[in-house]
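Once you scroll down, you'll see the structures, which are given as structure tokens.
Shared between the two complexes below is subunit A, which pairs with subunit B and subunit C, respectively.
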Partner chain A sequence: MERVTGRLIQMYDSIVNFLRKCIFYVLSVGPIPNHIAFIMDGNRRYTKRWNLMQGAGHKVGYSALMSMLKYCYELGVRYVTIYAFSIDNFKRTPEEVQSLMDLMLDKIEELLKDESIVNRYGIRVYFSGNLKLLNEPVRLAAERAMLATAKNSKAVLSICVAYTSTNEILHAVQESCEEKWDEITLLNSSGGYEPDENVNLIELTDIENHMYMAFAPDPDIIIRTSGETRLSNFLLWQSANSYLYSPSVLWPEIGFRQFLWVILNFQRIRVYLDKKRKQL
Partner chain B sequence: MMISLRFAIPTPNTLIPTKTKPKPGLVDQSGLNQTALLSSLPKRCESYKLQAANGRGASVVELPEGLSRELMPKHVAVIMDGNGRWARQKGLPASAGHEAGVKSLREMVELCGEWGIQVLTVFAFSTENWIRPKMEVDFLLSLFERALKSEMESFLRFGIRISVIGDSSKLPTSLQKLINQVEETTKNNTRLQLIVAVSYSGKYDVVQACRSIAKRAKDGRIQLADIDESLIEQELETSCTEYPYPDLLIRTSGELRVSNFLLWQLAYTELFFAQEPWPDFGKEGFVKALSSYQQRQRRYGGRHS
Partner chain C sequence: MKSLTPPLLRCLCLNRSMDFIRPKRMLYFWIDKIRNVLLRLSWHLVHSIINLCYFTTGMVHALESHLISRGLLRKYKSLHISKIRYLAIVIESEDACRTSNVIELLQWLAALGIKHVSLYDNEGLLKKSKDIILEKFDGAVLFQDTHENNVLLDQPRMTLEFVSFYDGKEAVARAANVLLMKYIKSGGIGSNQGEQIFTESQMSEALKTVGSGGPEPDLLLIYGPARCHLGFPAWRMRYTEIQHMGPLTCMTYGSLIKAIYRFTTVRQNYGK
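== the complex of A and B ==
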């Protein structure tokens, strides 16, 4: 009896997978986003709403994340970025911060296993942010993960930990100044250099090259769950032309329906924008 | 606190539900029982009267239904999108759309002044807009010049301070001179600061801040290690105001993008996207945006325990 139920579940899964692949095939006739970013908001609200144990919301959130990654990579989205932990989140209670760090450590180890999603889709993993702010085990695990997946080239997953956009821009400004400072002092010492020309040594491209997220193009879509419409210091620089979508579902509740909806809207807007651009 | 109510200071009491619609401005108090006033006055009316007593220069004005003065954002930013679309829908040329946009802006400035909003930043012209047809660009810049000249008197009368941010080097010289003149004349006004972003790009703002910092470091005025977030803040063009970070950003015309406006400053800004094009936005749309803002919980990455 159990075997029959097991078989039925398997069949159901295969049918669902097949249908989903058909839908993605149809969608890929139109423009597909190259880079989607997620702000995974609403885990604790989910815990409260369903009266679960402390931290359960984050665990359910993690499996929601795995599903969303699966949909993205199946559709053909090359870059996915997730806002895992902000520098502002260090303000929370030490217990909560510690449990989030433990969860992250756990999940990073899982990602490196053979049967994980990373190897299935050939994903290269990046950890963007001020990694020096993390505790030692998490930082080492992150660096290990980046090394281990460095050879993968089919898709990219960038996990923003200890990240805020203002910190990223600050870091890029500091590095650009340092880089150009060496250049300036070198030129100054060799003499005959006009001092005022230094000012325009720093260009837009210099700053962009030093961003933590420099390896990825700008996101086409930024999705923030739980209905809040703000960026909360996430990808401010890169969001200039991104389509902002904020469904009211909480992060652990997000599913295929929202994903399909955002892709369809993205395609509609992209067609309109391309038309407008051609007019100009 | 309750003692002040016994003095017959005429104050609008629209927060108390009345059967008839109150007249704009001061409400006729005859026939209203003083004790009725005492019992039914909600607590937030107190700060209302304190503001009137302070004589801050703002005339005491009724707030629309559902809005509270304490929860008003200090700084509102607006992307005034949709003038062209509005004109096309009505079968008019784009210039008519922009003129209607100016009217809408005038209304918004008045409302901000009345409702206690301190800073209003508007995205008039982006660096990306330079690629539009030359005729439209010239019209927009001349419209801006005309509007500045004609509104100068009302700025002074209503206590509005004008600041212009953006790369002014690309603007015609007559406009640059006019901008300097207007900024200088209005710099002491305190009721509302209107920041107009012309030829502005959020990324360009950060780049020029970076260049100023590099120059200061080169001149030995700061060390490289001193570069932190507040230093960048000081060098951004929005340092001309006391409240550089918008609390609320409104974008009209249904577009769900930020389009390179105030990138650094929008870190914790609540975003509101309105469907109607800018000339149709008006008081109703603004009230909707403000009441949505006032209902939001802002946590800045922490937790409400």
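== the complex of A and C ==
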């Protein structure tokens, strides 16, 4: 009986996968986004709504994340960025922060296993953010994951932890200043050099090169679940031309339906914008 | 009869096999063509259905907006307008030259009691038309960077700020140079030691110094074809609610009220 049920489930999965591939085949006639970013909002609300134990919403949210990553990489989206943990989230209770850190550590270890999604799709993993703010086990695991996947080149997964846009901009400005300071020190040592206050030594490109997210192109789509319409300090610098989508579902409830809808909307807008650009 | 030489034999065999391959290739070619046509048709069909759905919901929204403008929907009659201290409007540069629409929008906002409005378009066309706008819309004063944010709300008239890409990424680069000069003067303390040299408030001060230090809007309304903020200064958008209003040419008073009402029902945790 169990074998029959197992077989039926396998058959059902195969049919669903086949149908999904057909839908993606049709979608690929139009423009496909190169980079999608997710703000995974609504895990705690999900826990409350379904009267689950604390932290259960985040675990279900992780499965939802794996599904969304699968859809993205199957469709041909090369870069995916997720907002896993904001610097503002450190304001939560120490117990909650610790449980999130433990979950992150657990999931990073899982990502490095052979049968994980990372190896299946040849994904290179980046951890973007001020990693010094993380506790040592998580920071070391993150560094190990980045090293282990450095050779993968088919797709990129960027996990923003201990991240805020303002911190990223400040960090990029700081790095630019240190770089210019080193250049000035070098020039000074070889012959007196006085920097002119009226000359801008730091260019916009210097700052952009020092951003945590400099390895990826700007996102085409930013999805924030739970119907919230703000970016909460996420990719503010990179999102000038990103299509912002805020479905009302909570993150653990997000599925193929919402993914399909956002791609169709993106294609609709991109086709319209491309047409307008050709007219100009 | 002469026997067939090997090259001739090879040529004959090749011709025979090509006779067999050519129809096969033609068949695959046509299958491929038909498949592409069917795919394109399916894609266009799906998008036509979506456009139809948007057309229908557009009609519904237009009706709702009309009812709100007439004050017929009770829900929108009383707005807690005081919740919006600073409002930003993002307009697509193509529509930024429609000053009459912009002025009408400002008049609606002034009537609602909004105290500070930042008008943004990426290319700075609104900035170029600021004299015309201020002349025709006499309910506002121009925002000066020297104003303290809390003073803005005490002004009797609306404060109007004109913002463009110059105040976004380019302003951050200029502010970085201000911080660099301070850093050089301090002798490069903390360099390459992994310490934090600057704080966010120092960055905010530097942005103010270079003339791009306006307040952080509570609500940002986008008048354009898509929900994209088009490069509004990143430093000022951390917790700003962003709503899409449709093209500027289709703006209605009712949709403005609905957007403001929606904002007043939002509750933020700020990460907690």
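The rule is simple: the second predicted complex is superposed on the first by the 266 of 280 C-alpha atoms of A that agree within 3 Å, B and C clash if a C-alpha of one lies under 4 Å from a C-alpha of the other, contacts with A are read in each partner's own complex, and residues count from 1 in each chain.
Basically, a residue touches a chain if its C-beta (ideal position, glycine included) is under 8 Å from a C-beta of that chain, and two chains touch if they have at least 3 such contacts.
Only a predicted model underlies this, so the values are computations on that prediction, with no experimental measurement involved.
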Joint occupancy of subunit A by subunit B and subunit C, clash or fit: clash
Contacts of A:Leu112 with subunit B and subunit C, given as first, second, both or neither: neither
Which superposed partner A:Ser176 touches (first subunit B, second subunit C, both, neither): both
Contacts of A:Ser239 with subunit B and subunit C, given as first, second, both or neither: both
Which superposed partner A:Leu231 touches (first subunit B, second subunit C, both, neither): both
Winner by number of subunit A residues touched, once subunit B and subunit C are compared: C
Touched partner set for A:Val29, first subunit B, second subunit C, both or neither: second
Contacts of A:Leu52 with subunit B and subunit C, given as first, second, both or neither: neither
Partner chain(s) touched by A:Leu264 [first = subunit B, second = subunit C, both, neither]: second
Steric overlap of subunit C with subunit B in the superposed model, located at which of 8-16, 26-34, 44-52 or 80-88: 80-88
Shared subunit A surface residues [contacts with subunit B and with subunit C]: 86-89, 91-92, 164-167, 169-170, 173-174, 176-178, 180-181, 184, 195, 200-204, 207, 228-233, 236-237, 239-245, 269
Footprint of subunit B on subunit A - complex, ascending: 44, 86-89, 91-93, 96, 164-167, 169-170, 173-174, 176-178, 180-181, 184, 195, 198-204, 207, 228-233, 236-237, 239-245, 269, 280
Subunit C residues touching subunit A - in the complex, by the definition given at the top: 39-40, 42-43, 46-47, 50-51, 94, 122, 168-170, 172-177, 179-181, 183-184, 188, 191-192, 194, 196-200, 203, 225-232, 234-235, 237-244, 266, 268, 270-272
Subunit C-facing residues of subunit A, complex: 25-27, 29-30, 86-92, 132, 164-167, 169-170, 173-174, 176-178, 180-182, 184-185, 195, 197, 200-204, 206-207, 228-233, 236-237, 239-245, 264-265, 267-269, 271-273, 276
Contact set on subunit B toward subunit A in their complex: 131-133, 202-204, 206-207, 209-211, 213-215, 217-218, 224, 227-229, 232, 256-260, 263-264, 266-273, 296, 300-303
